[in-house]
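Below you'll find a set of structures to go through.
One chain, chain A, links the two complexes that follow: it is found with chain B in the first and with chain C in the second.
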Partner chain A sequence: MIELKNIVKTYYPQKSTEVKALKGVDLKIEKGEMVAIMGVSGSGKSTLLHILGCLSKPTDGKYFLDGEDMNEAKRKQVYKIRNEKIGFIFQDYGLIEDKSVLENVMYPLAFSKNVKFLKMKKTAQKAIADVGISELARKKASKLSGGQKQRAAAARAIVNDPDIILADEPTAALDSKTADEVMALLKRLNEKGKTIIVVTHDKRIADMCQKTYVITDGCIKEDTQ
Partner chain B sequence: MKFLWMLKNEFKSSKLSAFLIFAEGVFILVCFCICISLSVDTLSAAVYFHSGFDGNSVKAAFKSADMDEYKEAFASDEIDLAVYVNYYFAQGKDGSTVFMGSYSESAFTELNLSYSGSPVDINKDYGGAVPAMVSRTLSKQYKTGETYDIGGVQVYVCGKLNDKNLWMMSSEFTGENFFMCYDKDGRLSALEKSAVGCGFFTTQKGRPIEGLINSLNSNELVNGAYEFDWRNKMSEDFDRLSGNLIIGILVFLISAVGFCANNVLTIKKNERDYYCQMCTGQKKSSIILLFAARMAVCLIAGVIAVIIFSKRLNTYFGEEIITSVNLLAASGLCVFLCLISSLPLLLNAFNVEKQ
Partner chain C sequence: MKKLYIVKSLIKDWFTSQLPYTAAVMVVFILSFIAMFFVATKVATEYLEDTSQENIYYNELAVGMGDEDGFYAEQVIILNSEFYDEYLKLNLPSLTANAKVQGVLQYTEKNGSKLEGTDACVLACFPVFSKEQQDRYGVVKHLLNYYDYEITKGRDLTEEDLCSGSYKAVAPEGYALDVGDVISCFGHEIEIVGLNKPSPYSVRKNGHIVIPYGFADECMADGIYGEDVFQYEIDEAYEYGAKPENNVYVPTGSYISGLTQVHMRLGLSEKPELVSYPAFLELTVNSFVFEERVNESQKEGLAKLLGITVDDFGNGYDWFYHEVVENFNGHVYKECIIAGIFCALNVLMIIMFLSSRNIKSYRIYRMYGCSGAGIFAINFISLMLVVLFTLVISMLLCKPAMLLFSGINDSYEFRPKCVLITSAVLAGISFAACIPAAISAARKSPID
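And now, the complex of A and B:
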């Protein structure tokens, strides 16, 4: 389903400030897998996530998503893929703080052509119910606790029913109990057939996934231990 | 519908910024309208004179109490186009004195009069009444579309002249209370039995009269033929205009800084939100479109506020400075300012690598 072939990403190429963030990454993730990508700060995790999420293009190499070469994809197609095939969860939740949970979850639907305006609210309410925070739908994001925010972010990520969920350090800002709850939520989504890719530096979180890849200085390898 | 929903959310999340854009829009529109109205006559006169006038001076205006004198001058071969007028006193409806100007047909066909209501249609029958345009100061008593008995002559009010047209009446005769009439059948001549003055304006052969007249002050409409030194006049006018220009540039700079500051703060505040929205499928172009729409709504609200304000302010400022043309030009400048102050920032806000 996801296949990276010899992915290279270089920032500021041929300048004195040139940075090689990824140096030939090969990665294959099958549909329905729950995978952790581990690495220290600056190892290239976020760059890899940006490429997987079609937010930036690699300098070299090939990225296939469901057999489609993403390097060749047109901009319009990329927007559609980000909206319909991929859901993002961020370390800092990425919610619009002065809007309600419902409004935040409705946003991806506003960009989708599959859901009509009149159905947006109902669809968002269902996603909020799926992550177990129906009673918070009308609350502003700024009034929520860290765990509640991450659940709201998860609701936003799944509202368009994407196949892949990319979670960038989803538990880093949470205490261990709340982190476990969020991971349990991601596991439940995985059991429903979603492919989950979790970027983390926490071994405990990585252990909850089926596979772990370690990224060091722009190179990746599977952690078989 | 979805776009409107997003626009509503955009406003909800940046109320203060929206209000500031609105307030700044009002400030800029009013300032620009003032600058434009102070400059436009000089600029149009400059364009007029510099596009083909021969020599440095031109026979420009003539005013006389002697009808024969002006008729003789009017018949001169040197003159290609003339607008002439006879002035009469009359008793207005409340007993006050009003001044009736009986203008030649050319005044209604050749001059681009500034007015509200309808212009005088020289071919139309106004039910036997003399069609006229009324000056702003009389417009409160004499309503557009009504017929009034003035000194025994039925006068139909077609529209209201803006103060810009005051050059057409000499202040020594009229003050600002006058009717600009098209008296084809000479009915006004019965008023007070005689004309109290007459005059005409001419221009060089083949040249429109209006640009020349607009550049003259009423005190330059002297008795006898007047040799108008347009180069000297332009030089004086541009000296005066340079002062306005400095004020205009200052307003432009202050406005640009204000818009930039507002946009920088709004974009910086929302940068992370834009990034997150893009991750969920929002297009760069639609974020820019939303931002532009929010700004447009604020500016349109500003324009409407200025129009309402100017309508309520039934004065020279409200009616002659905040004109639709000035407002349109000022709005154009405002939009230009918005574009240059927000587009580079917006484009930079979507640099995913720095998120």
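And now, the complex of A and C:
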């Protein structure tokens, strides 16, 4: 379970360029939920996602992940959580273009203590099969279409079998048909028990999720419509 | 093992990247590194030459070298040593002792007290010739690299001191010797009658103990060990011991132009035929210096004049060759060092480039739980493996390259010790160069 209490994030504090990206965000996401966080560009949704993904720390407030205070967590613990509990999907896919899909998907396993070296390949192949692109495993990421890349990114996100998948604008660079396919994939993962958090500015995408939160000027509220 | 998988992946990426320029950069890196290695090895070879090599080189230069001022084209033909002794015996029986007139004087007692191992025990000595000796041996002071001195205390050696071969000396000031001191050397007691310092005109700038030539000559037999003496020259002394029994003949008409510079007369057994020779620059006790290169038939002619065969000539010193090489070295060596520095900078820049080339990868690794230290290790090991691979190639190429260059210039000599030292130093520098790049990569945030 994810719980944020009065999260504040300020960039360049006490400088003339100070930016308050989040101004006291409270959020609770239960395990197995599929949640959309909507907001216009610059509203603070990506900042929120980075905090949820333990990629940056809040300036103030508390973040509990499965009851553990992430502000107090040691670095090693944070690295472990990022590796084992969270999978990331980004708008720009975040793939290493010169590497094959298989290699890209294997990277998170290289930093995991749960999978042995000799089983890395097999585990990665299974994740690739789960997102339906087994035939592309040997292809370089640069040779894939947008939808295929996002599936490869999804395979990398799930390869360590994390509980949470954070998707930052996963469909923004895709046409609507491909976007639907990617969302269907995320839904399927959600049905398998994964907590999915999708950051989007697209209402149609948000509607595919169980809950939608809207973030405006660093403040969040649930969209009940 | 898993981290090595990432390392392998990075290195593979550098060598086989889709971006063609990355592969090209790797080639430039390897070439730059090899060039840097080669220059560094050459520099190491220059500065780490062992003493025996230096001596060989020095002797080679010293024998037959005429004038140290500037370059002039000449070829020196040197007599082989086994023939040289015989040659001297035949032609210069009374002058051979002069060959080692300068040396080191070692004394073991001062004013009756034994001395042990102090600096004052060893003095570079310089024998002084009396007027009579100068006439007899035809000593040309300036050619002897003469020690010109001024008396600062006491008196100088008198003509009588010098002619009688008395045991008196003038010591250099600043040493533990004073006027009136008596030092014991090889069983002889030598009285210090004065102190000296080099005059402003002296070629030699360090203080020498000045002793009569007769004493030096006598002591030499007793064991004054002479340093390798700067080439001594003997003026035309045919009225004395060096005078050959037969008439002296000169090889050609062109020889006349060099006649005034001939410091020794040759004793020839028969009148030579006229042979067209390049002009002599000078003759010394064992060498013949020509202004131009002498061809084989001319060498044969010269051998015939001397009553020897061409095989009796040793390896001469060919300034035509060396002048070019020395000039080449003088210019190219500096430029090579500059090029080597640029290559080193290039290597450094490429290390930075290779590191930055994978920033996206590092971000992804960090996102998926790799620590900053892990990124540092991955980046550092990857860079070092590339550097070590290149270093090994450089080491392997060094020997054939040195052999190739030694065909042009014999100073390019392969010395495993220098190669190993260079490798160790460059490996150390490369390690150090990789650290900032690796730290920079480790500090990258997973988000930007």
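Methods note: the second predicted complex is superposed on the first by the 225 of 225 C-alpha atoms of A that agree within 3 Å, B and C clash if a C-alpha of one lies under 4 Å from a C-alpha of the other, contacts with A are read in each partner's own complex, and residues count from 1 in each chain.
As a convention for this text, a contact is a pair of C-beta atoms (placed from the backbone, for glycine too) under 8 Å apart; a residue touches a chain by one contact, two chains touch by 3 or more.
Source: prediction; values computed, not measured.
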item	value
Superposed partners chain B and chain C on chain A - clash or fit	clash
Touched partner set for A:Lys80, first chain B, second chain C, both or neither	both
Which of chain B and chain C A:Ser56 touches, first, second, both or neither	both
Partner chain(s) touched by A:Phe88 [first = chain B, second = chain C, both, neither]	both
Which of chain B and chain C A:Tyr107 touches, first, second, both or neither	both
Which superposed partner A:Lys140 touches (first chain B, second chain C, both, neither)	second
First, second, both or neither for A:Phe117, with chain B first and chain C second	both
Chain B versus chain C as contact partner of A:Lys99, first or second or both or neither	both
Region of chain B that runs into chain C when the structures are aligned on their shared chain, from 92-100, 128-136, 146-154 or 218-226	218-226
Contact residues of chain A, present in both the chain B and the chain C interface	50, 53, 55-56, 79-80, 82-84, 88, 94, 96, 98-99, 103, 106-108, 110-112, 117, 120, 156, 160
Contact footprint of chain A on chain B as seen in their complex	1-2, 5-6, 9, 12-13, 272-273, 275-283, 286, 352-353
Residues of chain C that touch chain A when the two form their complex	1-3, 5-6, 9, 13, 17-19, 360-361, 363-365, 367-371, 374, 445-447
Chain B-touching residues of chain A, taken from the complex the two chains share	11, 50, 53, 55-56, 79-80, 82-84, 87-88, 90, 92, 94-96, 98-99, 103, 106-108, 110-112, 117, 120, 156, 160
Contact set on chain A toward chain C in their complex	50, 53, 55-56, 75-76, 79-84, 88, 94, 96-99, 103, 106-112, 117, 120, 140, 142, 156, 160
